[in-house]
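Pasting the structures in now, so scroll down.
Next come two complexes built around chain A: one with chain B, the other with chain C.
So, the complex of A and B:
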């Protein structure tokens, strides 16, 4: 590893951390698509800022572009408030229009401006180490490293200072307002931070990757935990892991670093989406299947309790009467037998003592819709656990 | 057959008549104009459904999700034929769409997170593949990145035919399943109880939206395609409350955005068609937001002011009524000065009351007429009757 490689990985990791923090709150506040809108609509801000400053890393340009991001948020909210269209439509109307203005501005001034739309969307991390920050003749590292480092420091500072406020306003906006925190202030503060992070990171990783780095680690973490601190930690870890492994993937394939990091994020999300212990696809489907079987079991037991005549309780008859397929009927019978709920005597099914009590309780449970009365009963029913 | 290259550069002084002649005579310009018009029409039509189903941002996600499909189709076939690439785009767009639905249905992640995830992850993966393809020594890969921002100039006649055929197909399905679509759109539960297969209708609409988006990738590009879907529909929504009118209007708005956008970008140097079309469509939206008679902001404000005036008039009248009530003769004159304590009163409202024959003025004195007294007495009763 040479120093340029280390610097690239360092920049990518810092960007990942700086994105994961606001990203977590955006995902929790159901505003993930706002980050997509911001990342597109900063383009005109960047172009105008570039006209003024002629320097892509100038702090003024970052502020100007971030301002466009905030204007986007305000515009979306304004349009939404008129009630003419829904919120998602408002987002979808604002950012393509602003992005188009940016593209046209670039195209009309192609001679004066060394800004490539592709570069804005995708960034070029590989070139980041070549743009050095030189103060008083001494080379103190790549410019992007300082830019994103500063943004990250501010983000972390704000996070620590306002963690409590952010947490309460995210999960209970009403409580936050009644405690005297201004929801609008926190909302726009978060939006401002998201805009500044997007602008600071776009140069290195491009607008689309910023969106991926904000949403994907947070979404993956959300599938694993419901604790805010753990979620933040996990999101940061996922972001950094993808940044570094993505760099090496790009190195190996000789392809875009931004694209590879996103791909690693995608693979990570796919794995967690499938295998997360409680909320993963497989776990959910297994649980749903389990619940279906348990509901079937209950139906079956109720049927037995309702019919004392032997004809109704014959194994073969049950199949056609309750209209189950063979496999399912067998699963249910086995489950009931295993739990000592039924006895099968000469192909006639009958409830055991335990099964009878269980069924009576179950009827109570179903008839009583009040939570308080059945609270103590809940534990008895494996059916309703989880 | 395949004519490539830029639209001939026109001088800015060219007038409208010349341009229209050119549209009919020049192959490239005619193809592009037709193509963007058809595209605008079909996306406007289907966009109405997306907007009404509150799936506005789905289009954005689908168009981004189509990118890896284009790259993979190229990697597998090695062909740059737009139809082959569009099949790839269609497949990956559909995978993206159904994954979004899967995430929303099976996990506790919300729709915005699911959309943003699929959008950025698929797009990033697509970029990885595109840069990977670019580095391949043997491939003649140039031209794949036109799908990022679209290049209307690369449209050829066969592309336009494909668009026309798909638009026709879409129109046919729309008309054939109109009743089902409409019912599904506004009352899914009712449609279900009537025995319609709502899942099938849902998949049908979504698939057509994906198809329309994929069609537009070559012209408008991945990034701006969502606006083509949304903007005409959002504009059309402001003018009508009827689904059929909205669909037709959206198609017209879309087609006009396409034609005008092409014209503007053709008459200027260095203007790519996609962004211009999007801007034109956005102008349609802004215009509709402001000037639509029933929902528009301008007329809403005017109605608001008119209502306020009306209310103030009634307030003044009621105030006068309460004064007149205390006198035996309702037309007993009072000085205008009394009204000065009352905020709703202006010289204009007083004149209006005179015009309506509710009040007569005599110098600095006013008196209520019989008609005015009657109206004022029934003012609140009428309100009560209306409320019921």
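So, the complex of A and C:
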């Protein structure tokens, strides 16, 4: 690896972390779309900022562009408050308007501005190492590394200072307000940080990758944990992993780095969406199937408990009378046998002591919905897991 | 008027006014849902707020707690604005006002009750955790402390929110329908905790829908339907006349005791 390669991966990783932090809260606040809106509507801010500063990395330009991000948020909320349209519609109205103002500004001043729309949307990470920051004649690294590094440091500082405030206002804005933590202040603080991160990162990675890095790692992490701190940690890990693996994917395919990172993010999300242990698609389907079987098992055990006649307890009765198909009848019988709940003698089924107790307890639970008494049954049976 | 009755016939009250509401009008999108409310809640009462759906009960509580900004009127808690008295007040919101899928556990939610006394930036530590565990114990939810909150039943969720209010160790408790969707056992458990709070000299204000149980559970009541209909001791004002004025239909509630 040469130093340019290392620098690119470093920049991409820092961007990933800086995005994952506000992204986690955006996802939890169900505001993923707003980051998309911000990423597009900062364009006019960038252009105007560029007129003034003539430097894409100037802090003033970043602040001006971030201001357009805040304006977007405020406009969206204003339109939504009229009650005439829903939030997504309001977003759809605001950002194309602001974005097209930016496009027109660029087109009108094409001669003065070395800024094109493609570059804003897609960025060019591969060129990032060539724009160096030189202080007193000494080369201290790529400019974007310093820009994003500064933003990341601020983000982490704010996160540590206001973690509890962010958490409570995201979870329960009413309580936050009644305890004196202004949810509005925190909301706009978060939006400001998301805007600044978007602006700071767009030059290196482009607006689209910024959105992907904010939303995909957080959404993936959300499927894996029920702990906010772990969710943040996982989102950061997924972001960095996608950044680095995406870089090498691009290297290998000779493709766009931003595109490859976005692809990695998509693949990662898909895998987690399918295989996450509790909330994943496959786990959910498996659980539902188990629950169906267990409900059948319980029905069957109950039937045995209620009938002493041999005719009612014959193995074939399951198929003939309870009207189950062969496979289902066999699955249920096997499950009951495996758990020592029944005995089969000459094709006549009877409940064991354990089966009898289990049935009573289970019915009791279903009726009273009292958790305490069946804590120990939970591991064997999905049915009783909330 | 009622206010006079309050002061004269209140054996429970120490004479202090815990919550005072003057000429309060609250609107959503300029449509008032609470009109010119005057209300005095004496210290140490266990008070029910009753009224039909949409009467503005939740809105009244939110306006008192500064969650909503009224378009007119004022609120004071022990004679001072709410902002200065935050630490004296705890709030249990109506169910469904939070995101149940939020990645947080029962214990964590209860800990949030301590955030108010911590203030900005300071983080909860061992002391806060201990208080939260005690509150969980009190509502019988200790075995569930590690559960993600969406994996709790409705009644269990309600208990968690009660614990969160208890941990605030306030003087005045506002609870928006704490009995919503809980079974009889939980209801008894909750009302006992509320009665304990009153015994400890706290003021408890509860939005309540089950009119049958008002005389049994509460000693004070406020009838609300956009306007305040009446407020005072249950034994004096909980009658068919006020119920009819509030609910608009002929009410016959036989008052026990």
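We take it that the second predicted complex is superposed on the first by the 292 of 386 C-alpha atoms of A that agree within 3 Å, B and C clash if a C-alpha of one lies under 4 Å from a C-alpha of the other, contacts with A are read in each partner's own complex, and residues count from 1 in each chain.
The criterion applied here is as follows: a residue touches a chain if its C-beta (ideal position, glycine included) is under 8 Å from a C-beta of that chain, and two chains touch if they have at least 3 such contacts.
Just so we're clear, the structure is a prediction, and the values are computed from it rather than from any experiment.
Of the two partner chains placed by the overlay, neither chain B nor chain C lies in contact with A:21.
In the superposed model, A:42 lies in contact with neither chain B nor chain C. When both complexes are overlaid on chain A, the residue A:244 reaches neither chain B nor chain C. Residue contacts after overlaying the shared chain place A:216 against chain B, while chain C stays out of touching range. Touched residues of chain A were counted for both chain B and chain C, and B has more of them. Contacts of A:191 after superposition on the shared chain: neither chain B nor chain C is touched. In the superposition on chain A, A:93 makes contact with chain B only, not with chain C. By the touch criterion stated above, A:65 is placed in contact with neither chain B nor chain C. In the superposed pair of complexes, A:33 makes contact with chain B only, with no contact to chain C.
In the superposition on chain A, A:151 makes contact with neither chain B nor chain C. In the superposition on chain A, the residues of chain A contacted by chain B and by chain C overlap at 222.
Interface residues of chain B facing chain A in the complex, by the touch rule stated above, are 51, 54-57, 59-60, 64, 102-103, 106-110, 112-113, 115-117, 119-132, 135, 145, 148-149, 223-224, 226-227, 229-231, 234, 237-238, 270-272, 274-276, 278-279, 282, 285, 289, 295, 297.
Partner chain A is touched in their complex by these residues of chain C: 29, 62, 65-67, 83, 86, 89, 91, 93, 97-99, 102-105, 108-109, 112, 115-116, 118-121, 123-124, 143-144, 148, 151-153, 164, 183. Across the complex, chain B is touched by residues 27, 30-33, 35-36, 40, 79, 82, 84-86, 88-89, 91-93, 96-97, 99-101, 103-104, 107-108, 110, 117-118, 121-122, 208-209, 211-212, 214-216, 218-219, 222-223, 250, 253-256, 258-263, 265-266, 269, 273, 279-281, 284-285 of chain A.
Residues 28, 81, 83, 161-165, 167-168, 170-172, 174-175, 177-181, 222, 225-228, 230-231, 369, 371-372, 375, 386 of chain A are the ones that touch chain C when the two sit in their complex.
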